[in-house]
Amino acid sequence: MTFFQFWLFITPCLPLILLLAFLHPASRAMIPYLAILAPLPALLLSFMPSQSLELPSLFLGSLWGTDLTHKVFLRFTSLLWIFSACFGLGYLKSDQNANRFWLLWLMTLAGNLGLLISQDIISFYTFFALMTFSAYGLVIHTRQDNALFAGRIYLVMAVLGEMLILGGLFLTSAASAHSTLIFAELKTHLPQAENLWVPLTCLFLGFGVKAGLPFLHMWLPLAHPVAPTPASAVLSGAMIKAGLFAWLSILPFGMIALPTMGLIMILIGLLAAFVAGGIGLLQTLPKAVLAYSSISQMGLITCALGAVFIAPDIWSVLLPTLLLFAFHHAIAKGALFLSVGLKDRYQGVSLLMIEIGILVPALSLIGVFNSGIQAKLALKHVLDQDALPIWLLPSITASALATTLLMFRFLSLLWKEKSPTPSALPLSMNLGWGGLVVICGLGPSLLIPELDLPSVLSQWRHYPSLLLVPGLTLVALYFVGSYLRFQIPTGDIIYPLIKIKEACATRIDRLTSRNALRVEGQETKPGFSLPTLIALNQAERTIQSYLSAFFGLLTLVLIVSLYALR
Amino acid sequence: MAHFPIAGLIVFPLLGALVSLALSKRWRTVMSFILITALLLNNVSLLFQFYGQGTFNEAMGNWSAPLGIELRVDGLALIFSLMSALVASVCALYACVYLSATQLKLFWPFFWFLWAALNSIWLSSDLFNLYVGLELLSLAAVGLVALSRDATSLAAALRYLFAALLGSIGYLLGVALLYATYGTLSLPELSQHFSLTLSSAVALGFMCIGLLMKTAVFPMHSWLPPAHGGALTPVSALLSALVIKASFYIVLRLWTELSLEIASASAGMLMGILGSAAILWGGWMALNQTHLKLVIAYSTLAQVGYFMLIFPLLSPVDAHASHLAFQGGVLMLLAHALAKAGMFLAAGNLLFCSGQKDLKSLAGLSRYRPLNIFAFGLAGVSIMGLPPSGGFNGKWLLIQSAMLQSQWVWVAVIIMGSLLSAAYIFRVFSYTYREVEGGDSFKQPAAVLEWTALSLSVLSILLGLASMLVLDLLPISAVVAQ
Amino acid sequence: MSFFGLLPLWVLMTSFLAAIVIFMLPEERHGLRSTLNLVAAVVKIGLIILLIRLVAQQETPEVSLEILPGLSLVLRADALAMLFAGLSSILWLCTTLYAIGYLENSPNRSRFFGYFSLCVASTMGISLAGNLFTFLIFYELLTLSTYPLVVHRGTPQSLKAGRTYLAYTLSGGVVLLVGVALFYAFVGDLAFGQTSQMAEFTETSPIASAIIFLLLIGGMAVKAALFPFHGWLPTAMVAPAPVSALLHAVAVVKAGAFGIIRVIYDVFGIELAWQQGYVLPLSLLASFTILYGSWRALQQTDIKKRLAFSTVSQVSYIVLGVTLLGPIGTVGGLVHLLHQGLMKVTLFFCAGNYAETLGIHKIHELNGTGRRMPMTSAAFTLGALGMIGIPPVAGFISKWYLGTGALAAGMDWVIWVLIGSSLLNAAYFLPVLYRIWFLPQQGQWPHEAFTQWRDTAPLLLIPALITAALSVAAGLFAGSDLSPLSWARLIVIREYQP
Amino acid sequence: MSSYLIFAYGGVGLCGIGVFGFILHSHLLRRLIAFNLLGSGTFLILVGLSQSGRGQPDYIPQALVLTGIVVAVAATALALVLIRRWAALTKHATLPEDQGPS
């Protein structure tokens, strides 16, 4: 094992090793600081040369390693985790339950880093599960009713997603005749699968739960506002990207043309980009607005991925663009989430500084500043293809409308809700937030030189086109903004779904009420149970009483048939 | 090793009877055990002799048949002789500790007569000698039943006596008719001349009815449960394990030596039907008893039914299957002897602990006497026919034989019987597991009592592993050669 | 015969002799009994390791005894046998440790440990059985030796449960007996693995062969708790926790599942069974049981009952795996035999710990136990996650092999069964975990004991932690040469490439 | 018809009476006597039938019957002891199931 390989090995293990600090009260106090340090190896790893490590004893024989994609993801993920932890250090200072938060934080971190270096599906799935289930604890950290509700929705959807993924992985493995578990090899086999759309759909939707695809997105706006702010930042910045990372790793982009599938993905992506903007505009919580913005941004990425299925040739140029976009979005969104924490704690800092600081990522997200410009331009450039539908490019340009609306809404909410009696901003929060803002301001060309991005300034000619849509939006907002009075509850379609479920439940209960299983007391009813469809207890008793008859019959059958034999 | 003569098997017990009547209390016991040892040695020496030279005869006092008494040792006889030696000696040991001095005084003579009668039945090849043996056996057994001298046991003894006497008369009548027809009473001679005519059929019918009555086969069984259930424990064990086997042994001898399976298939079928009825009825009744010893007594009734299934399975057509059935039946008999004796002794200990006869009084005993319950359980395993045990092996062979002959009814009967027996054995078991308030006022039986019970039970299990030793003794010719 | 040749016998004897000696010991000799039991368990593990090494070198030590003409008792250590024997021996040690702690200060320990060892001896016999007849013997012996354990408490409830247990298992045993008897009558005394004669027989009389298959599987299905023969399992939950752990994780249900494996692979041969169309109905039944068991588990409010129905579901995974034609599915089924054992035994240990330490029996009482008993709860969590099939716990490895095996066998519908069942598993385990970790304690614990310990008595805690660690290790290091998975692969390689 | 056969038929008649008595009477002594009659009848049949076919007297049945009588006497003695004891204990001369509802 070379040094680099050892480093690779230690990256996801370090947070788990740090868990040992919980064993002793003295070291327990060190935990938040350790949590800041935990992602550091990952950050360093992302600057090391690409490498791989075979671990034949682990799971079904694992392969860990990094290439360009992994390194970019690792870089922004670790940055985000480092600064969010730094922010959290101050944020949770007075929280009595901070210990359990950090415990879950480290576990989630291990999952997130681990999945980013996994090259085989089993390790990937393991780390993915570790991240998903540990994050549940982060979501419900406050234990308030809305947190518990959000947590429940999160968990149900996560489990559904896991199962879809599992099904997809089974089918993918079958496509390779069960010869390999390595992503890169599976990818090449996948196009030969029978009924290709089944595994593709499973994987697309399964990871889509994490990536906030429309109709699978409900957990996102519910979970983000209720989670503690640092957790929201990593949820939205890093963990959403895990879904994207999975797509990039396993879907056979650039190897096969699937126009229908591509078109559907484009439509879904645009739906997310626009409708999420609309819904987000009608939210009252700043974090919910940001969550919808994440859905909207991921919609754009989905769109781009759909385009690859229509025109596979663009993959080699699109991939760096997507990496750039992911990087940009993660950092900007993380910074924005952390700034929500500032609305109550801005004493002792100049408000102007904060406002400028918040504007950096916001503008960047709209696509009129630094990394935003680069990402938007690059995307448009790649998607400027004849093979693609002609309405695609204008739609993407127009999607800035949604983002602008959301950012405007976010900023105004933040301003409106800022506390009249702010408390002091601790240094650690300052550092965490400020760090992300600075990174956002530095721009990706500095931080990810591997991508060979053109400099921002060289593209000045395109600026006006980028400013056009946001500008028009602001003007429109000025005139009609005051008419927007109604709201949509956070989580939108989850409520009708719950209504439907309850309606079905009562309907079925009424149908079978005579025989329905009686559960003593409300308390004992399992949380996730559906109504009893048939009176199973009754049935079982009947079955038991007929069991002896069955054995008799079996003997009889035996006798008769053997007589018949002779 | 010098061989004891065959006659020793009969002479020693008779000597024992005399000695036990004549000597004082202490010497009686000592002499009895010396004689028991002698008998065991005698048996072992016969076994070696048999290994050496196969079947052999001996005329007692050099008086040859027909007036003299000629004894014959073949594999079957040897098996039964060994079995009775084993069970009887263990029961004697048990009785020595279990019975009071007065009871013991009466016990020894009856015991010795019983053993003598048994041995004479195993070894005789002459119908009239068999009669004498049977009669002696019945009288000794009745005496033993009456040993406790209370009203219940007297009633049981009287009922038993009358049933036994009726059976003997039936048998004798049959013997008379056979003698009238063939002019001989020696089985080997008879088998040469035998053919099934109306008269011989009637004769055999009388004999069989008489013998089956003594064996307590289904419709003629009502004397058995009170007699076996009401007697003192070692007596119950002797009766259930050995006495009923004697009359059945004669039926088996008659059937195989006269090749009745060739003569009449329907007779075998009839025996099978009686046996099936016994299995089911006995099992069902055992399940519904409230007294422990009655459960075991009814279980004997059911087990006798299994033995009866040998007859329909002896077939003139399929020699292999017949042989299996014969082997299976013999194993069943042997296993039942060991297991039932063990079970009765264990049950006796349990009743001794609680001082009551009721099943309910067993509550808590599994904690107090685990070894005893274990002994009971092991015997139960054999009775239920669960592997590994002699009972299972016997049942297995019977089932195999039935399957090879496509006689599926018997398979079904055996299976149902097993389930029933499992039900009643486990019912007893579950009573011992009950936990009740103040269930700890038990008396403690002597260690010998427990170990004797356990030894028999263990033997019945070991038989399951060492069946080949027994089956090797059985000549294939016994059934199949004809 | 050499020491190594007789190894199978020694393996059997370690627990059998222990049982005998324990029965002889007076009730009060607790220390001696515990020592004896543990020594026997450790010796057995040592012997098993020796045996495994022998078997890995392509040897098959065999001991046989002819007990009836054409009927012999054969103990033979082949690769499959060692899988089950290894599991049993490890869990015997853990469960014994646990039982010593669990039954501290309770009566009837002599009886309990005696039958307990006997039960393990029969399990060993089942795993080492070299032919159907030997299997039958130990199968019945298992029924007998577990009954006293089920009714151990002596309450009317447990006696009733014992009755139900017997009604099911003895009926099953009888059906099996008929099947085995038919097999011996018409096919002959064949060792496991001699499938060619069965193939000839099937060719000449297909109906008889089908009936034999039906009876053999029918008999095994009762112990394997396949629907509709699963009724005894939840009822038997009244037994003490170590018994539940042993019954559910190792002895009884696994014996049934193991028997099904033997019948399909070593009596009929999987190819033959598939050609004759015997196996598909079985896999359908197993699939149904998987879903049904999970569904019923969802409705239980009692912890042990829920675990019991979970077992009903999980054991059918094994059956399902071995009915899939092709090596991958078989590996899944075989390895789940071991994985499920480890995980379920952990869960039952923990359920027992909750009951003993805090008096908790119902799920709704579990609120906040994570703070009071963090180690136990952690072990429980690992077990539960494994059951759902979340990596890195071992359950995922089995599920992965089952799923891919189903696809390799061309039975795509199976993966939806697996996924559906995983969803249901999640639905009945996650709320429990939620209560344990995320809800505050409600009022007093029903009946608190062991207050001197931070978590619970060490003898109760350590076995649970060991098995939990083992179930994680089995999943985490599945690729290593020492893992259950590698052994299952070895078995399958030998099975499919003779 | 040989004269021996008369013995045999006489024996059959005795047996009949014996059976009749055995079934009809519940008094234990009467039953015992009925049994004795049965036994004597059987001996008669044995001797009578076996002598019938041959020219000279057959000594074997004689010996057998002699033995049989000894056995029967012993049985009768035992039965008498038991009956006496029973009567002394219960003040009844019949078995419980024959005593009727009183």
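Chains: A, B, C and D, in written order; residue numbering restarts at 1 for each.
Methods note: contacts are C-beta pairs under 8 Å (C-beta built on N, C-alpha and C of every residue); 3 or more make two chains touch, one makes a residue touch a chain.
Going by UniProt, the chains are A = NADH-ubiquinone oxidoreductase; B = Hydrogenase 4 subunit B; C = Monovalent cation/H+ antiporter subunit D family protein; D = Na+/H+ antiporter subunit C.
Source: prediction; values computed, not measured.
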Show me the overlap between the contact partners of chain A and those of chain B. C
Please identify which chain has its centre, taken as the mean of its CA atoms, farthest from the centre of chain D. A
Higher number of C-beta pairs in contact (B-C or A-C) found for A-C
Judged by C-alpha centres, the chain sitting nearest the middle of the protein is C
With centres defined as the mean C-alpha position, give me the chain A-chain C separation in Å. 39
List the centre-to-centre spacing of chain C and chain D in whole Å, with centres computed as mean CA coordinates. 67
Please compute the C-alpha centroid of chain A, do the same for chain D, then give the distance between them in whole Å. 104
Name the residues of chain A that each touch 2 or more other chains. 555, 558, 562
Of all residues in chain B, the ones touching two or more other chains: 411, 415
Where on chain B is chain C touching in the complex? 324, 327, 363-364, 366-367, 370-371, 373-374, 377, 381, 386-388, 392-393, 396-397, 399-400, 403-404, 411, 415, 418-419, 422-423, 426, 429-430, 433-435, 464-468, 471
For the chain A and chain C complex, residues of the former touching the latter: 55-62, 122, 125-126, 129, 133, 137, 140, 143, 148, 155, 159-160, 162-164, 166-167, 170-171, 173-174, 177-178, 517, 519-521, 523-524, 526-529, 532, 536, 540, 543-544, 547-548, 551, 554-555, 558, 561-562, 564-565
In the complex of these two chains, what residues of chain C are touching chain B? 23-24, 27, 65-69, 71, 73, 107-108, 110-111, 114, 136-137, 140-141, 143-144, 147-148, 151-156, 158-159, 162-163, 166, 170-171, 173-174, 177-178, 181-182, 184-186
Help me check something: in the complex, which residues belonging to chain D touch chain B? 15, 22, 28, 31, 35, 38-39, 42, 45-46, 49-50, 52-54, 58-61, 63-64, 67-68, 71, 74-75, 78-79, 82-83, 85-86, 89-90, 95-96
So, in the complex, the side of chain C touching chain A is made of residues 164, 167-168, 171, 174-175, 178, 205, 207-208, 211, 214-215, 218, 228-229, 231, 295-296, 298-299, 301, 328, 362-364, 385, 389-392, 396-397, 399-400, 403-404, 406-408, 415-416, 418-419, 422-423, 426-428, 430-431, 434, 437-438, 440, 475-481, 483, 485
